[in-house]
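Some structures are shown below for you to check.
In what comes next, chain A is part of two complexes: it sits with chain B in the first one and with chain C in the second one.
Here is the complex of A and B:
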């Protein structure tokens, strides 16, 4: 950016012509600096690290070795499962919040937000107590006579899914809730008056109108889930390896920064692909 | 008076209620508030009947009861040969045009119009044919592929109308459908709706708070006040012979005076001024309201005769385009508002001008003074 000289400032041609642009850039400067320092620079350093020695060897390893490709696929599958479960639980919950009378939506929202007020670490340890072989859930089920032997809920994929869904559910509920709140009730009345039974009103009118919220929620949950670390690491008991867990191992145990950086870049790439794909879907729907 | 005729109540279907749509003894309460206090109404086949009333008069509740969105606490709703009092809206075969049209925003206009046909399991080819037919009926041929948001207010209105009639409903409901349109477009749409409704011969119930609109569109008007129908009649009848003081004030402009009837059949104002009343006047000693429409008084010169003449002074003039309105302070001490066609500026009156106003005894109409009938 060229700084306008004093004479130009005094009603000069440049100043008159570009006044609004200069002012706009000046106001945006703090945000630009923030982004540069905290997001773009670390990302650039990370990418530079991944091309250690000016070669693609880390990428070649990450994308050809069956072990690492398998972990990437597992990660995507877990994220997809978490998104699906969050959707199945979150949609009815959002509908309940959007359609109940006065005090209930506020109370419901507080409950949905409650987990956010505690540390993710605390919540995850909480699940370990609940889900263990002798945890509250298994004990209760056994004493009720519903099961004979404890269900395998911890240190496997079940635990990871339960923990992640718990953490990520609000990301699904809020976008859907916001969209549901904006649906004009007259549309549903109109559909009913035109001869549509309840399930047709849902299928043809209500659900399509909530799709933007559904896609926003799925996108959010999926993207956050791809990079999840603490929950899979603790509730998976070392048996569930996601890309984030792999990266941590590479750094902490093998001090292999270059490979960890390459894995991060792959994860970032996967996230971008998913984001763009969902956005395309979103566009064609509305 | 007319009010007495329509204010009969009773839960069984009285023989006097005739027509395609019949409402008998409809009562609807919300907690302690009575929204509908016993509505009896018959809408004839092919007729456009308007429910006219201010907000809070219960007209929208009545529409919801007919459409099935609200269940009445008492009374019966009959449509054609069937009783639909507790039928769900989807089983009533009623086409409804909503205040803001309620077009489905994610569907094209053609899909919107096809929706009621689809719900009735009409085959695809037949559906396409009827949608095309409906589109041309409302002058939207070729625009079926557009989304509602790509259309103007007037076009959306037409599309909503097409959707409401495409499946051949037994009844058409219109809930203040012109409110969102600007004045010019509104007048045009009103006439179009009227023509379309006549052409299809569909029975229609129209709800509005706009008395002008009601006068333009309706075969008959039912005026509602506080959950009751206070008058039912043709637009001219309602305008010329309002049944109550409320109706007189609500429909059109009017000068209303409270008079006491004397032995000679004249009415006297509080200040003693006498106003001649029409022939079949009320008994002496009674208090009545005298309604004089602003277009009735005329300017009287030397030879022109009138049953009563007052002179006075113009205190306000309002130019309205094709008409002009004058507020005149009459010498005996009361005011009258007159409205006359405005032809040229030369004959216009100015504030301070002296004027003699006259009218005949038949120009005035009597209404009960008391507001609680």
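Here is the complex of A and C:
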């Protein structure tokens, strides 16, 4: 942005501009080489591994065997559920943070940031204490007379969903909150002055204005959710198999590199498709 | 930001509903953090709640166990090295991403952010395959390399954001007074974007200190703290992990307080700098 004025100040000599570009690229070179060697190279090798023997047999297995297709669908469904729940919890929370008077937004943000910065393992352990058969949640519900027998909250899909929503909720709240803070309150006052009822102001003006934040949040949560490993592995009790869990067992237990590589490529492909689709949606909304 | 609308009955009822709902969500967010505190002071080796009695035995168990202490020191070493390496590489890259006009500039920006999109499990097995051939598995420096790949995008995002709002004329003024470009950047630009640099270093440090999956594959038998915690959870050994968790929560709270005072961008409120 400042480059044109900079070159003007420097006298606009073409060679000088050229020189500073070369200098800039030289500056970036260490990081570029680092990423090429330790990021692009291993990813390329992994991709090559997935075509082991010059065939598509690993892909055929990953995409036709009912067992593995089921895992892929489960992973996508879990990610979609987590995104939806995060949106339903995160949107009102972001609105609260953006609309309450002075000390509350700061306090609220601390309550979102503190778990966000706490190790996922600490939080997972906390959920194990809370959600077990004799855990605090079940005991409290029984004591309140709301249930008679303990709910199965741990070592199944419920535990995985609760744990994942807990980890990913901040990823939903922050982009929505950032957009809400920039909305001009005068717009809403104008709509009200013109006689629009509250829910219509929300539906026709406020919500459309927050849509970029919603899409950014949903994209982020969904993309991170389809690659999740720790929470399904620990809170699923071995019953919830996501693609990430499948990849880990294929490598560590069966040393089945080619198949794990193909699964990785499928997971990566799904991530990219979702990312590009949501980005296109995001653009058309702008 | 409070909307200036008359307080009518339904609006007030709606507000109370919103506050109640948010109180529930805040409870949901904080509950798993709060609950490890009483467990860590329990006298029982089992997950009993409320604890039958109080003791410091799990803190003593943590300090006395060389495996836990080794894992902690290893994680601190890895996170510190990751922080330095990724801050240097990421800051240099951020300059190229923000400054100048050249073909492929937006491509470079996307390249810098690429590691964010790839699921960690995929990158982990990829780098595990490469490092196994290079016989680097089990070396703490291998974990640093893997963690730095994931920390670089955070650094680039934060430093690039600061550089975009920074007025480059300060730097040019210093240069017109005879400073070299390098000296002008070092003495004028970097001090000006210090809050962003502090936040970037914090992010890089925490992202490495908490990271499990890359460290699990690359660490071999040399466990980092998250790997040790993972094993402890899987094997349900004893509440030592509760004591470790409490120490981590206290540490993160303290560092977060410091960063909100001196950093920028890590907290989205971002008001703590001038």
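Going forward, the second predicted complex is superposed on the first by the 262 of 286 C-alpha atoms of A that agree within 3 Å, B and C clash if a C-alpha of one lies under 4 Å from a C-alpha of the other, contacts with A are read in each partner's own complex, and residues count from 1 in each chain.
Keep this in mind: a contact is a pair of C-beta atoms (placed from the backbone, for glycine too) under 8 Å apart; a residue touches a chain by one contact, two chains touch by 3 or more.
What you see is a predicted model, and the numbers here were worked out from it, not measured in a lab.
Asks: Is A:187 touching the first partner chain B, the second partner chain C, both, or neither of them?
Replies: So A:187 only meets chain B here.
Asks: Please work out whether A:195 is in contact with chain B alone, chain C alone, both, or neither, and reply first, second, both or neither.
Replies: Touch status of A:195: first partner only.
Asks: Where does A:118 make contact in the superposed view: on chain B (first), on chain C (second), on both, or on neither?
Replies: In the superposition, A:118 contacts chain C only.
Asks: In the three-chain superposition, say which chain, chain B or chain C, touches more residues of chain A.
Replies: C
Asks: Quick check for you: in the superposed arrangement, does A:277 touch first (chain B), second (chain C), both or neither?
Replies: A:277 contacts neither chain B nor chain C.
Asks: Could you look at A:60 and tell me whether it touches chain B, chain C, both or neither (first, second, both, neither)?
Replies: After superposing on A, A:60 lies clear of both chain B and chain C.
Asks: Applying the touch criterion given at the start, work out whether A:204 contacts chain B, chain C, both or neither, answering first, second, both or neither.
Replies: It touches chain B, and chain C stays clear.
Asks: A:92 contacts which: chain B (first), chain C (second), both, neither?
Replies: second
Asks: Is A:73 touching the first partner chain B, the second partner chain C, both, or neither of them?
Replies: Neither chain B nor chain C is touched by A:73.
Asks: Find the residues of chain A that appear in the contact set with chain B and again in the contact set with chain C.
Replies: 189, 192
Asks: Applying the document's contact rule, which stretches of chain A touch chain C when the two form their complex?
Replies: Interface residues on chain A, with respect to chain C: 1-6, 9-10, 20-21, 23-25, 27-28, 30-32, 34-35, 38-39, 41-43, 45-46, 49, 89, 92-93, 95-96, 98-101, 105-106, 108-109, 111-115, 117-130, 132, 135-136, 139, 166, 169, 174, 177-178, 181, 185, 188-189, 192, 198, 223, 226-227, 229-230, 234, 244, 247-248, 251, 257, 260-261, 264, 267-268, 271-272, 275.
Asks: Quick check on the complex: what are the chain C residues that touch chain A?
Replies: 1-5, 10-11, 14, 18-19, 21-22, 25-26, 28-36, 39, 47, 49, 88-90, 92-93, 95-102, 108, 111-112, 114-115, 117-123, 125-130, 145-146, 148-149, 152, 164, 167-169, 172, 181, 206, 209-210, 212-213, 226, 229-230, 233-234, 241-242, 244-245, 248-249, 252-253, 256, 267-269
Asks: Which residues of chain A touch chain B in their complex?
Replies: Where chain A meets chain B, its residues are 184, 186-187, 189-197, 200, 204-205, 208-209, 286.
Asks: Where on chain B does chain A make contact in their complex?
Replies: Residue list for chain B touching chain A: 67-69, 88-96, 98-100, 102, 104-106, 115-116, 119-120, 163-164, 167.
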